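For clarity, chains are labelled A, B, C and D in written order, and residue numbers in each chain start from 1.
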Amino acid sequence: MDFEFTEEELAFREEVENFARSEMPREIEEKAYLWPGGYGTLPIFEKEFEEFCRNFFLKLGKKGWLSLGWPEKYGGVNSIVKQAIVDDVLSYHRAPCAHAATSIVAPTLMRFGSDEMNNIWMPGIINGTTSFWLGYSEPDVGSDLGSVKTTAVKDGSEYVVNGQKIWSSGAHVTDYCWLLAKTDDSSKHKGMSLFIVDNNTPGVTIKPITNIAGIDSFNEVFFDDVRVPEKNLVGEKNNGFYYVMSALEHERIVIGFGTFRRILDELTQYVKEKKKAVGNTREYEEARNIIALMAIEVEVLKSFFWRTVWMMDNGHKANIEASALKLFCSELGVSLSNSAVDILGLYGQIDKGTKWTQFGGRAGIGYLDSISGPIGAGASEIQRVLIATRGLGLPRG
Amino acid sequence: MDFEFTEEELAFREEVENFARSEMPREIEEKAYLWPGGYGTLPIFEKEFEEFCRNFFLKLGKKGWLSLGWPEKYGGVNSIVKQAIVDDVLSYHRAPCAHAATSIVAPTLMRFGSDEMNNIWMPGIINGTTSFWLGYSEPDVGSDLGSVKTTAVKDGSEYVVNGQKIWSSGAHVTDYCWLLAKTDDSSKHKGMSLFIVDNNTPGVTIKPITNIAGIDSFNEVFFDDVRVPEKNLVGEKNNGFYYVMSALEHERIVIGFGTFRRILDELTQYVKEKKKAVGNTREYEEARNIIALMAIEVEVLKSFFWRTVWMMDNGHKANIEASALKLFCSELGVSLSNSAVDILGLYGQIDKGTKWTQFGGRAGIGYLDSISGPIGAGASEIQRVLIATRGLGLPRG
Amino acid sequence: MNFALTKEQKMLQKSIRQYIKKKCPNSLVKELAASEKGYSPELWKEMAELGWMGLVFPDEYEGSNFSFFDLVLFFEEMGYNICPGPLFSTLVLSGLPILNYADNKLKSEILPQISTGEIILTMAVTEENADYIPSSIKTSAIKEGDEYIINGTKLFVNDAHVSDYILCVARTDETPNPEDGVTLFMVNAKTPGVEISLMKNVTLEKPCEVKFENVKVPAKNIIGKLNNGWMIVNDTIEKAALVKSAEMIGGARGTMDLALQYAKERVQFQRPIGSFQAVQQHFANMWLGINGCRDLVYLAASKTAKGEHAEKEIAMAKARTGKIFREVTTLGHQIFGAIGYTMEHDMHLYRRQALSGDITFGNTYSQLDKIAVSLGL
Amino acid sequence: MNFALTKEQKMLQKSIRQYIKKKCPNSLVKELAASEKGYSPELWKEMAELGWMGLVFPDEYEGSNFSFFDLVLFFEEMGYNICPGPLFSTLVLSGLPILNYADNKLKSEILPQISTGEIILTMAVTEENADYIPSSIKTSAIKEGDEYIINGTKLFVNDAHVSDYILCVARTDETPNPEDGVTLFMVNAKTPGVEISLMKNVTLEKPCEVKFENVKVPAKNIIGKLNNGWMIVNDTIEKAALVKSAEMIGGARGTMDLALQYAKERVQFQRPIGSFQAVQQHFANMWLGINGCRDLVYLAASKTAKGEHAEKEIAMAKARTGKIFREVTTLGHQIFGAIGYTMEHDMHLYRRQALSGDITFGNTYSQLDKIAVSLGL
């Protein structure tokens, strides 16, 4: 067993680190909250950062860093480890490094898309020009994707889409929808298909929703007689639910692992400075314990992360590990925010950008945002059921 | 709202305290582990303490302290508060103060038993001569009492009992079984009846089981053609399950609240002495926090306890509160034992009665015994479901 | 022993609950939280007319003569539906110390104005260290003739920006024991040299920085005695911690009730989500958490109302309630899922209340210290 | 990066697992735990013949030449099925320091005897304070000619009662920094003045009190250098903490597998209990707890095997594993209910292992201190 990066990987890490230092504006690094494990403070979902992110993705595309885990044919070097290094290093700097296009759309297209389709869509994803949002959730569909109601009805060489999506992260700052819609009413899970829909198609209305952290990160999206060309159907008709499930593993390794390291470092730094100012108080002793406990959990996440990455890189099935990674990551985001609030006390309520701001104003916002982790992208309770049933073979309830 | 005892109650507390000091042998007080919230270290279930307990119950009977909560007619003064004072004060001294006869049998008889039956059984319970064990659980019946298999078949003026009970706490040190048996196969919950069965009836075989703490606290009991006189049927035939459920509230307030206070006091004392010997170390600071947290939880238990007692004394339905009390009590027993082990370190493994013994050797035994709390007499998961469904009106799953 | 509330207390609870629900719906809460002022002067007037401003003052100050225990109940219900504003600062942080420690002249002057809703007050304790210990009081007050000159900066002073008076905790003497040189001054907020600015924050509170630059305060504005102010501050902060705990209990109850309604109605996988065991375990934990704190609060309130020392009981109540309210909102959010994560929904109001409640007047860890001390550790 | 074990490592795991399962069934574990000796001399001989006693010794000492990483894997599997005895004391607490720090003469004399299973050893570190810090070492060794005279009392010395040699940590000099005056002696357990008695305990271990009364030890029995022993002790305790963590992971896996089998078979309310959501949440938590610790252990083992400094990694592994193993047994008991609460059942063996594993070589809280130090706090 070997936990070290190869020489080449270390050199690559260094390269990414240098890139981040030169290309990530200090100002944005400070401004973005980016709470670990949360979904509401990601710069890629925020209008304020849209232009910056679009440019940054172009740079990443130019470097070839959006496709590292993929085969050469798709601009990659077949190294999910390298892709994870980019995630780790860039997210430490609160820089964008992945989005739905790279973590969901491309892996699905490469596996299930026709050559014709891939020739159209993959280049833009690889070079960072094309962005997507995920059109899965609906008002009455929470954890139960089987009950999607949006319909896509064939009409000549087009599909006509009607329905409503919600909680659509980044729909307002991206180009295309990766749409899950009902194409066959006679079956539940087997009656759904995936489509690519241009946000600018007539009949698509995108209304941002403000999240708990005060950020418009997600949207309600309405589809009124939206006509989608047949060639935008992904893979086989009625196979959409299966495609969605198959891609989960890929989504779940994009955890922004560096954000966890960053918060731990910053909080440790805060405690050190506080000690310098106030001395060796009981609060300091307590903060010291809290940080040691946090450090262990971040180290655990690190193992879960790299083991899952390594498994995927080496062709092992990792869906239980990916579920565990998602679950652990979400729960850790919550407990880190609790730790931060406990350590900061009254300063924990102060937002960023003031003279009293401590810890980048992240404690209070993290406390608000962190609750999105255990509820988003497969709630914690459901991940636990998955581990117990699929991972440990317990009978379904 | 008033959290204080009346003058009279305070005087009574004092009286019980004095009684405990004079009547509870110091040696037994030290020897009994009696971990709070556990079921396996109660002196009343231990052969070693049988004679002492029988004598002690006689003394309690003489004082009238076994029947305080009951009507005058049954030797009582209608004060569950006073009954709880006895529980609180005596359990602090690790003295017995209640058993199945007082917490289950008598409340059920008084409510559902015939005058004839009560005339036979109540006097012995009131004066402390008669003891019972509960014949509910069976090998394939854990939390699901509805599936009891032991049968009682009418034969002339007798019932013939066949079957097996298990986890029967104290069957080996008591006189009678409070037996739940199937009397009608056509219905599940409505086909069960309660009987009183003398342990000495031919066909009753009691085999002690050694528990995790090394104590024979419970038993397997076999019934082979055991003939029980018809007059020993409690209340109406086929109403047994309902009687069992009705009595739960009474059982659940017998929590030995004083044992929690005692453990907190002893652990606090241990930490003080350790500090005197070793000084103000980081371990001391940590122990200090642990004890403060424990003290809060013991205070919470105190509120749950007295509020439930008060409710019952004042004719309020308290079954949710009683469930909560049981749940909280069990879980607190576990967390107290974890705290004790964390504080004692290497000394936590040492048993009682040696020159290296600390904290009465209770940490290690408590750590073992405490797990019985959340599994016995209605597991924690089930208590939570009860609170959610009966207490908060959530639909059953 | 009596765990029941009196008929009058139940009526008080009911009237507050109904009034706040009607007059301060969550849409208004959000509006007020977003506004600079942070409260509604109309509501303020109405509440004064209802007799709430002088709830615990005697008749002579146009008060309503309720007990401290009733004040605790009052704020519990205020927390259930949430009503932002300087009520806590005025009644608890300022009204109580004036009532209990000021001289008759000051009381006669100030208390009736509180009762009638004419003035708003707050107390300025914390400074850069953001804690409630006497050695952290660096703001100084130096005597010059009949006046004191105050210099220093106070932080986290809720509602100072709308206050007419600020009770300022200042150092009047350098003593070996830092609590022996602290004095409490009532400062008119309009006095030259007082500079107030809002601190940008994420809760529903309005914390302010208050700078004192050569602020002149007449000696008669001392509350209690010279150099004897810390005892008053400590007593007030303890009571505030207790009342805040009650407010948090109310908030936690509000959270649970909100989630409960949803769990009964929301269907997933063809069943109400409240029928899933995992969800039921969450609710039982909420119930247990809340009810486990509630009597801690009532016990401490009952002792305090009788004038008994309740430092340990208050510390226990505050330590556990802050933690539990936060946990209850975490569970509540878990029940609601995405909808509860929006600004439009009401859940975040409780989530914010749990944060501000927990961190003010000493969070869990600082209360543990007090408990340990009371246990002789 | 490579998270896979080698074929040889997998074979090692498999052979240990199969051997222990067959030769040391839980009935024997209980028998051994109840016996005074606490181990089976027959098994001991067999294990020596399998090459396990000298697992990490080179050929010249009749060892099997495995790596430290393999030793960690070895003890993980030993923990899975549990096999009581002085293996840990002999291999880890004694074999390692002798191999790494003793002079060639001592090594040539002792290590082959360990490899062949002829001798049993243990290390005596802790005294009354029951911790692993140099200032707690009060046992003294005073030079007289070519010998040292040892006086003092050691506590919690596992397996001393069956040991041929005891590595005794003694103070040889009073220095400002207490770790500068500590020396490690190899003491023949039969030397006059050595008095050993079992400490009555509730785990499967056999902790002893070892009294040294004017015990004479030749100077050549010093392991390492005079006054330089603490470094060796510290290194050994760190490695022991790591190997113990591995053993605990094995035990936690054993617990989960035991409970898992039961949850699939046991029917309540007409369903296997493993189909209840509340039970499933428990199992997911066990899985997450265990797997979250396992790589911490492997990471620390991998660093240590390479000779790198791994103090922080070891502290993390030990801190978390001790806690998780205890929690996993709590959950395991919750699954089993009453049956798991009996002496007859196997659950309590794991429950006991979790206790002894957690408290030896520094429990969670003492490891946190090391982690904080390594973070610069």
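Basically, contacts are C-beta pairs under 8 Å (C-beta built on N, C-alpha and C of every residue); 3 or more make two chains touch, one makes a residue touch a chain.
Source: prediction; values computed, not measured.
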C-D compared against A-D, more contacting pairs: A-D
Of all other chains, the one whose Cα centre sits farthest from subunit B: A
Where subunit C and subunit D are represented by their mean Cα positions, the distance between them in whole Å: 53
Approximate Å spacing (C-alpha centroids) for the pair subunit A, subunit C: 39
For subunit A, residues contacting two or more additional chains: 282, 286, 289, 381, 384-385, 397
Overlap residues in subunit D, where contacts from two or more other chains coincide: 276-279, 281, 365, 369
Contacting residues of subunit C [partner subunit A, same complex]: 126, 129-131, 155-156, 199-203, 205, 207, 209, 266-269, 276-279, 326, 329-330, 333-334, 336-338, 340-344, 347-348, 351-352, 355-356, 358-360, 363-366, 369
Contact footprint of subunit A on subunit D as seen in their complex: 1-5, 69, 260, 263-264, 271-272, 274-277, 279-281, 283-285, 287-288, 291-293, 295-296, 298-299, 302-303, 313, 316, 319-320, 365, 368-369, 371-372, 375-377
Contact footprint of subunit B on subunit A as seen in their complex: 282, 285-286, 289
Subunit D partner contacts - residues on subunit A that touch it in the complex: 1-6, 9, 81, 268, 271-272, 275, 288-289, 291-293, 295-296, 299-300, 303-304, 306-307, 310-311, 314, 324, 327-328, 381, 383-389, 391-397
Subunit D partner contacts - residues on subunit C that touch it in the complex: 276-278, 281
